[in-house]
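For reference, the structures are reproduced in the following blocks.
Consider the two complexes below, in which subunit A is the common component and subunit B and subunit C are the respective partners.
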Partner chain A sequence: MNRSRTLAVLAALVAAALPAALSDFWIFIAIEVIAFALYAVSFNVLLGYGGMLSFGHAAFFGVGAYAGALMVRKSGFAPEAAFALAPLAAMAAAAAVAAVVGFFSVRRSGIYFGMLTFAFQMLLYTIALKATGLTGGDDGITGLKPPGALARPAVYYVFALATVGPALYVLYRLVNSPFGITLRALKANPRRVQYVGVDVRSHQLAAFVVSGAFAGLAGAVFALSSGNVFPAWLNWTASATPIVMAVLGGVSSFLGPALGAAVYVVLEVVISGRTEYWPLVMGVIILALVLLMPAGLTGLWRRRGAP
Partner chain B sequence: MQSLIDTLATQFAWIQNPVVVARQALAGVSNGMLLFLIASGLSLIFGVLRIINFAHGALFMFGAFAAVTLTGLVPEGLAGFAGVLLGATAGLAVLGAAIETGLLRRIYRAPHEFQLLLTFALVFILGDAVKLIWGREDHSVSMPEALSGSTQALGVTFPTYRLFLIGAGILIALGLWALLHRTRWGIFVRAATMDRAMLGALGVNTRRLFTTVFVLGAALAGLGGALAAPVVSIGPGLHVQVIIDAFVVVVIGGMGSVGGAFVAALLVGLVNAFGILAFPGLSVVLTFALMAVVLIVRPWGLFGSPE
Partner chain C sequence: MRADMTPILHVRGLARRFGGLQALGGVDLEVARGEFRAIIGPNGAGKSTFFNTITGLIRPDAGSVTFAGRDVTGMAPDDLVRAGMGRTFQITSVFADLSAQENVQVALLAHARQSWRMWARAAALHAERAAELLALVGLAGSEARHAGTLAHGDQKRLELAIALAGEPTLLLLDEPTAGMAAQERIESISLVHRVARALGVSCVFTEHDMAVVFAVATRITVLHQGRVLAEGTPAEVRANPQVQQVYLGESVIAEGVHA
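== the complex of A and B ==
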């Protein structure tokens, strides 16, 4: 708890000071880090706290990204209003989809839960690919632009921080609430929790919807910054990203996955700038992580203790 | 109402044309056989090792690329083609042995997310390795002359190679059945899909069993890739779609069931073949919808057993 708080204060200080020190390109990368930090943390609410491994979390990131993009592109509201509503639309859409996917998926546990989420993700991916009228099909939605001053990276950065910061705080309060404690208990021993009188499935479903909604918010924050959404964001290879980030940072601390996201995004920028074989390098990094450093980066300085 | 009936009537006009129906059925069944070769290995590996090998599509792709290289080394004709098939199968068996003993073996006791990440890492590494070895362009393999023509059957002209694929698929399925039901090794494999711990407790060397199952799965994928080589476009993205089709087959048939994989592979092959005629552009959605229905109604698959 204390380490998480120290890490949070440190991260907030660094985050506030960043735009002054960075070029527009790196501010853009910093926005990506902020969005993916929320994505990884929301994913880890399921994995690290609830013990539920979703193979299909990219679906919610993608649904949020499309919902945000469509709000800005097609809602017909004034640009400022549409932009202000985009994060809400993203969360609502991702939560609705997560409620349906979760309803069916939480009936099974372990690897079968993962396979169900995977299957629904592929269904959503093909819909994103085929519903050309809505999603633009293979071409995606491109050329999105935030209104007015928000189009400047340094301003958008503040917007991203002001959106993701409170979202992380909400998630932090949630995992430390009675709800979050029950969730952890479910990870340790679902049967016992059931004996105490907790409705296991609806508890897991609630966690799934919350996690999906915040992943969707992350998707919208990133999409409106990058200006594009592509169906590939929902493809199965994209679902490895939050898992890598969470494991890289360490699944047993609240902000570990956020650290993992930062390292992952910066590594990707640096390495893919030097070689076209970024997937190969990433594959080797993942192998090393899995085989040599199973507790993740945060595990390097803390040896024990569950979240 | 009348116009809807008219639309459907034009949409399904092909049903009255036996030649079209027969051709699509043949294409569906022969593609189903290729799917079976990948899916049976994927299913066996999951049943025994309890790992979803996302890299299985990459092994199939390696089989196809191995056929590209080997075709250039052997004399033309049936004997040369047989050599290509054998070479690809043997090559992938060796690669499979290296992957199992070098990597997978270390993580059988690790949490699911580590197993998942490891096979994802292999997807990225093998996907880029193909680009490094064979380049980024698409390749093709010509079929041996004896199999390249067409054959008259039931009053319809069929491509001979498609008939050959069906024959080969049935032979391999029979061979697999004999291996699983008529040998001591097969008894161990079937026992392992039910209770690995008990099998180990009874003194069976499960370590070697795991290796041999993975090697068999990789060899089947390699053979499938080599058999598919003359009828697919062999490029570095081949594995991304292949693994999804195989995954759909395994989920529908039931994880761990080879017989289920056979039936489901035919089903998916036929749904794809006729879906293209009935709902052009939506055939991909059809297979995922089929999978979603199976997952909801019978989550353990048509031939699987509840956990």
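== the complex of A and C ==
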């Protein structure tokens, strides 16, 4: 826990100083890192703590992105108000969808749980494609612009940090809370945990909703920075991203997936700028990292289980 | 006073079939408060199935279970535990990735209905009580050890501490000494016996080692092929010719035990 805290303080200092040292392009990449860090950590609340491997987490990132975009584009509020409400709308929408998806999915465990989340994601993807009036269909929603000074990357960066930082803290409190330890117990032994008086499904559902809500927040933070939302964000291939980030960084540490997100995003930018075969190169690098560090990057200096 | 006269556990006609196998063929059992009841029987007699059916892991085909005067037939495990029924498993079942201390804390948090709190720091909650329970089962000093790295016997004792954390009025222990060396078995069951006595917990346990059974059981029920073959005090059961026949070759039951 001390290491976690040191790491968090260090990360916060570096993060705060970063915009001064970076070009607008790299500030934009840094914003992407921040958003995906929250996405990966929220995903890992399910996987690393609850032992639930969701194959459909992109659905919540996507729903949050659309909800945030629609709030800005179509709510009719003043731009500043709409923008301020966008993160809340994203969380609420993602939480609501996660409540429905979770309600059915936690009825099964293991691979069947994964398949249910996968199926719901296909459903939501299709809705994003076909509900043209709301989502813009294939074209998505483009040309979103944060109001006023927030349109400048360095300022938006601060907004992203100020949103994601507290969100990460909330999740950190959660995984170390009685609910968090109960989740870990549930992962370790789902049968035993019933026999200490815990109702398994309702705890899994709650974790699913919280995780989905924060994935939605991450989606909105990213969408409003990139200015676009596309249905492909909800496609099943997109759900591999948080899985890879979490495993890369280490699922048994709270900030591991955030580190995994940073490495993944930066690698992708650097490599895709150099070769059209970048997926191949990414694949090889990830393969090497996972083979060399089965406990993820954070596994290198942490040998105990989850904090 | 009247309440104390109702049996802590009253099972009537409990039946369960697995495919073509009648694992339980209508079992009746009445356990008075304060009893230390042993359920014995050869492998496959239905002892674990009996426990699993009582504790909501398996649905019975027929029969009823009354716990402290309340019909709990088919009740979900977490509700049963909250009603005061604790259990352990034949194959030791702890939270391997959690520390011994956390194993007990999870149970204490659930018992205090605090498993939904999402902001408080769990490490600070019930830490003392958890340490007390670990000390009670002889695991003082192992608080920080990961449960999965504890020796087999210690995991069995940890599971007992987990079960005790729920302040049960009835403990169902499925082979509490399985996999232990002979000497460790007697020590372990004596520990269970002592603790249960001290806390006023009634106890039903299954056991293969007759030395262990005769060391602590107040009454013995013999299961055979899913039915109750005999029931009585240790002396009565030992003298029962039918029981001797089932245990043919296991001379220990006929000769008694000098442990």
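Some points to look at:
Here, the second predicted complex is superposed on the first by the 299 of 307 C-alpha atoms of A that agree within 3 Å, B and C clash if a C-alpha of one lies under 4 Å from a C-alpha of the other, contacts with A are read in each partner's own complex, and residues count from 1 in each chain.
Here is the rule we go by: a contact is a pair of C-beta atoms (placed from the backbone, for glycine too) under 8 Å apart; a residue touches a chain by one contact, two chains touch by 3 or more.
All figures in this text were calculated on a predicted structure; none of them were measured in a lab.
In the superposed pair of complexes, A:8 makes contact with neither subunit B nor subunit C. Contacts of A:197 after superposition: subunit C is touched, whereas subunit B is not reached. Residue contacts after overlaying the shared chain place A:269 against neither subunit B nor subunit C. By the touch criterion defined above, A:96 lies against neither subunit B nor subunit C after alignment on the C-alpha atoms of chain A. Using the contact criterion defined above for the overlaid structures, shared-chain residue A:158 touches neither subunit B nor subunit C, since it reaches no partner.
When both complexes are overlaid on chain A, the residue A:22 reaches neither subunit B nor subunit C. Once the two complexes are overlaid on the shared chain, A:120 sits against subunit B while remaining clear of subunit C.
Once the two complexes are overlaid on the shared chain, A:295 sits clear of subunit B and of subunit C alike. Put simply, subunit A touches subunit B in their complex at residues 47, 53, 55, 104, 107-108, 110-112, 114-116, 118-120, 122-123, 126-127, 129-130, 235-237, 240, 243-244, 246-247, 251, 277, 279-280, 282-284, 286-287, 289-291, 294.
Here subunit C touches subunit A in the complex through residues 55, 57, 76-78, 81-82, 86-87, 89, 93-98, 102-103, 105-107, 109-111, 114-123, 125, 146, 162-163, 165-166, going by the rule given at the top.
Partner subunit C is touched in their complex by these residues of subunit A: 173-174, 176-182, 184-185, 187-189, 191-200, 203, 206, 210, 305-306.
Listed in rising order, the residues of subunit B touching subunit A in the complex are 50, 52, 54, 103, 106-107, 110-114, 116-118, 120-125, 127-129, 131-132, 240, 243-244, 247-248, 251, 255, 281-282, 284-285, 288-289, 291-292, 295-296, 299-300, 307.
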